[in-house]
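Each of the two complexes below includes subunit A, the first together with subunit B, the second together with subunit C.
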Partner chain A sequence: MLNLGYFLDSLKAAVSYIPQNLFMSLMTLLICCVLGTLAAMARVYQVPVIKPICDFLLALLKALPQNLVLLIVYLVFTITFSPIMAFLGVKANIQNVDMVYVAIAALSISSLAGVSEVIRAGLLSVGKGQYEAGYTVGLTAGQTFFHIILPQTIRAVIPPLTNSILSLVKATSLVSVIGVMDIMNGAIVAANTYYSYIEAYVAAALVFWVLGIIIEIASRKVEIHFSRSVKQLA
Partner chain B sequence: MPVLEVKNLRKVFGENVILKSVDMQVSKGDVIVILGPSGSGKTTLLRCLNLLETPNDGEMNLCGKDYNLKKVTGKEKLEIRRKTSFVFQNYNLFVNKTVLQNVTLGLTLARKVKKEEAEKDGRDLLDRVGLTGKYDYYPAQLSGGMQQRVGIARAMAVNPEVVLFDEPTSALDPELVGDVLNVMKEFAKSGTTMVVVTHEMGFAREVANKVVFMADGVIVEQGEPHEIFDNPKEERTKAFLNRITNGSSGKEA
Partner chain C sequence: MFSWERLWEYFPDIMAKFPVTLRIVLVAFGTGLLLGCLLAAIRIKKIPVLSQVVAVFLSYIRCTPVICQMFVIYFGTPVLLGAIGIDTSEIDSVVYVLVAYGLNMSGFIGETIRSSVLAVPVGQVEAGQACGLTGLQTLWQITAPQAFRIALPMLGTTFVSLFQATALAYMVGVVDMMGKAASLGNRTGHPLEGYIACAIVFAVISIVLEQVFMRISRHLDFDNKRMKKRVEKEVVKEVEVSCSI
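Let's look at the complex of A and B:
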């Protein structure tokens, strides 16, 4: 039923886009972790004004489907790019902009709420006593946060964050709606000549499957590193 | 001249007045035990002394420097906390740090002491509290009694003017209480200034040079241990001591 030759063509094409997908995933993860941590901190530490804004924005973002966000961001970008560049006095042609960055912006917007919630749960898992202990030995709030609270938060968020990373990697298969190539689209394009779509889908699935396993294993390793202070539960 | 003095300390949580104008003096080398029924404000008083709770009103003099507790700045908080230290009822050791790191962090990070120097002091202190060889353990690998002794070593490491103890033995199994009290006694004998909230009457009698009895957010009576225990003047003190000494364990909280 499967034609091995077509399958290998699609697989080759899919594999050639792994770096593109990983680049989009990693950049998105980085942006989500930084912004998500700041938003989570604002919410956990009840920062006036910023907390309600974060509450509202994250609730809004959470509700939107990812491909819809991609389309909206794409349209907003294409409409506003030239006027904004003109306003800034920068000479830039929209044709020269790599749409990958638009995809990263859109993926970041749609994944931010999830990642931020995971980090918020991690922050909440560290008891008040850990902060107080830091203060009583004379640490500043910043020192207490970076040396005591953050390492414990990281340990707590790795398992749920792994889920978020997997969702993110899978979401990169949606970017074809704004014309960005990725693993899945690469496999499909290779199949267009002979209509060998079954082979293409299986090839794409195989690549995502292998990526997923690698991410799981890496996450396990990182978790073990951060859990050395905690007794292994039987 | 006292090391630590507070005047007119007031603390309110919502509608509840927890501390109503408390005055207290701690001199160098004092071991002061604060007694009192549950809800009398003992722990809140202790937590106000190093600003884990911010008082609503009051003045403090610590090592000759005056602080207005009503509007204490972040910098002043840090200053006060670096001259005091605190032992928690539930230890609150840094769970992501080893025993030795728990003890040295206040030195290396907050006071910029060299790592080797801090570690040497840290090991000496851990030896003194009977934890030789446990330097590289994590808190989760220790019993409650050991964790509390680490907590005491951590509090002593920063060379504080006053060490505040908040019911240091209340969370421990009865057979572990003795070790912790012995460690505290040893530090008391070597001249450490301490303020201790506890229900351990034996410790209060034997080690304290001043006992403070609190009820309903005020200091009802204070004096030397034998005055308070053998000859209490106030009705509320008498009633409390009766209940404590008639109770089987004397640890009713």
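Let's look at the complex of A and C:
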């Protein structure tokens, strides 16, 4: 059965990697929010040429398993790194590149579709009258967007985005396929000495579980907070 | 570097492993539907003790990554069964994957079923009872068909995400499409083409599945247009009210 000593070793190692997982998921969220907003705007406002490209790319990214995207991005990166650096005339060794950033790039690519969909729904939730109101008082299109539409979109988007943080944190457990250390990988490495893998995975699951519960409680609080402000306005 | 010839050469080998993936998806989804109904019933009827146990199970399934759940079952089952004297060395690793994904799906599908059943208006059940139907008849003839229509879009999304999640099964030694791509890559030293072949298969099938589920949902959504009109009228009324104030 479970050996408590090995379990605690793995648990300690897993806990020490929590900041790493949170860093990766928050960076991913940040990148996805910026790119996702641009893609969502292109789709909502029917920008010619860019809209069909975004439609196609997002549908494609949504259709790929996350660990497969990680593997492909990693392989493409390792194959093309030296030629590109040689072409740019930069002396860089691939050993000096922190793979965490490759992992973040890959996670951003595979999570982009979901986040962009949330932001698109947020943009669509702002009524047409809001644009008209902005134009009526003499604001330009840009002013209307930044002063009237964007604040309302952010309010609509934050509760569902807190939910996607949970799935992003879960997705960071996949980075072990390209050898980046995280909660799960940390627990396993601590288990390698005694082959105590069952203890390691239970420890990793426990850490993820606690993290997930905290995120769920926080997102419920956020949801209540934001729905309250909507009621006050109405 | 990338070569199209190798991609072409790998493709038949990888496609040959598609049935393995399909089997995992179908068995896990079937298990998920059956167990999910049970979990949903326990949660809706609020059966004491069991309902709390199910809530903890659902929280575990929701909050931990499926890769972790898979490994816990893969390493944990032999330890548990070994303790009561059952030899597990003969069990194929695909069985652990089926169990892990089946449990995972029962959690997600159970929540979908629960929310769909609760979304059917209470008046429907009362109408059934008023007509003299028994509890089971009401469930089977009134609640279930309506709940199914509500659940279908969510079930479709779950199905597609399950299909994509099976790309992890190769990590416990199941030779599916990903496992084949990895072993081809190891043998030839060119792993990229194999994974791209997998990506093509996953992308095409996911997109087709999504379209199919969307068509079915739209087909079953009888009162969609009427609903939309009603919602629009409500919104107009609200705007008028707020303008008049």
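The rule is short, and it goes like this: the second predicted complex is superposed on the first by the 217 of 234 C-alpha atoms of A that agree within 3 Å, B and C clash if a C-alpha of one lies under 4 Å from a C-alpha of the other, contacts with A are read in each partner's own complex, and residues count from 1 in each chain.
Methods note: a contact is a pair of C-beta atoms (placed from the backbone, for glycine too) under 8 Å apart; a residue touches a chain by one contact, two chains touch by 3 or more.
Here the structure is a predicted model, which means the values were calculated and not measured.
Student: Determine, under the contact definition given at the top, whether A:Gln143 touches first (subunit B), second (subunit C), both, or neither.
Tutor: The first partner, subunit B, only.
Student: Touching A:Ala63, do we find subunit B (first), subunit C (second), both, or neither?
Tutor: After superposition on chain A, A:Ala63 lies in contact with subunit C alone.
Student: Which partner does A:Tyr135 reach: the first (subunit B), the second (subunit C), both, or neither?
Tutor: Only subunit B; A:Tyr135 stays clear of subunit C.
Student: Just to be sure I read the superposition right, which of the two partners does A:Met27 touch: subunit B = first, subunit C = second, or both, or neither?
Tutor: Touch partners of A:Met27: none, neither subunit B nor subunit C.
Student: Quick one: subunit B or subunit C, who's touching more of subunit A?
Tutor: C
Student: Please work out whether A:Met99 is in contact with subunit B alone, subunit C alone, both, or neither, and reply first, second, both or neither.
Tutor: In the superposed model, A:Met99 contacts neither subunit B nor subunit C.
Student: With both complexes superposed on chain A, which partner does A:Gln152 reach: first (subunit B), second (subunit C), both or neither?
Tutor: Only subunit B; A:Gln152 stays clear of subunit C.
Student: Which residues would you name on subunit A as touching subunit B in one complex and subunit C in the other?
Tutor: 129
Student: Any idea which subunit C residues touch subunit A in the complex?
Tutor: Residue list for subunit C touching subunit A: 1-2, 59-60, 62-69, 71-72, 75-76, 79, 83, 164-168, 171, 178, 191-192, 195-196, 198-199, 202-204, 206-207, 210, 239.
Student: Please name which positions on subunit B make contact with subunit A in the complex.
Tutor: 50, 52, 77-78, 81-82, 84-86, 88, 90, 92-98, 105-106, 109-111, 138-141, 154-155, 157-158
Student: Using the touch definition from the top, list the residues of subunit A that touch subunit C in their complex.
Tutor: Subunit A reaches subunit C through residues 1-2, 59-60, 62-68, 71-72, 75-76, 79, 129, 166, 170-171, 173-174, 177, 184, 197-198, 201-202, 204-205, 208-209, 211-213, 215-216.
Student: In their shared complex, at which residues does subunit A touch subunit B?
Tutor: Per the touch definition, subunit A meets subunit B at residues 127, 129-130, 132-140, 143, 147-148, 151-152, 155, 228-231.
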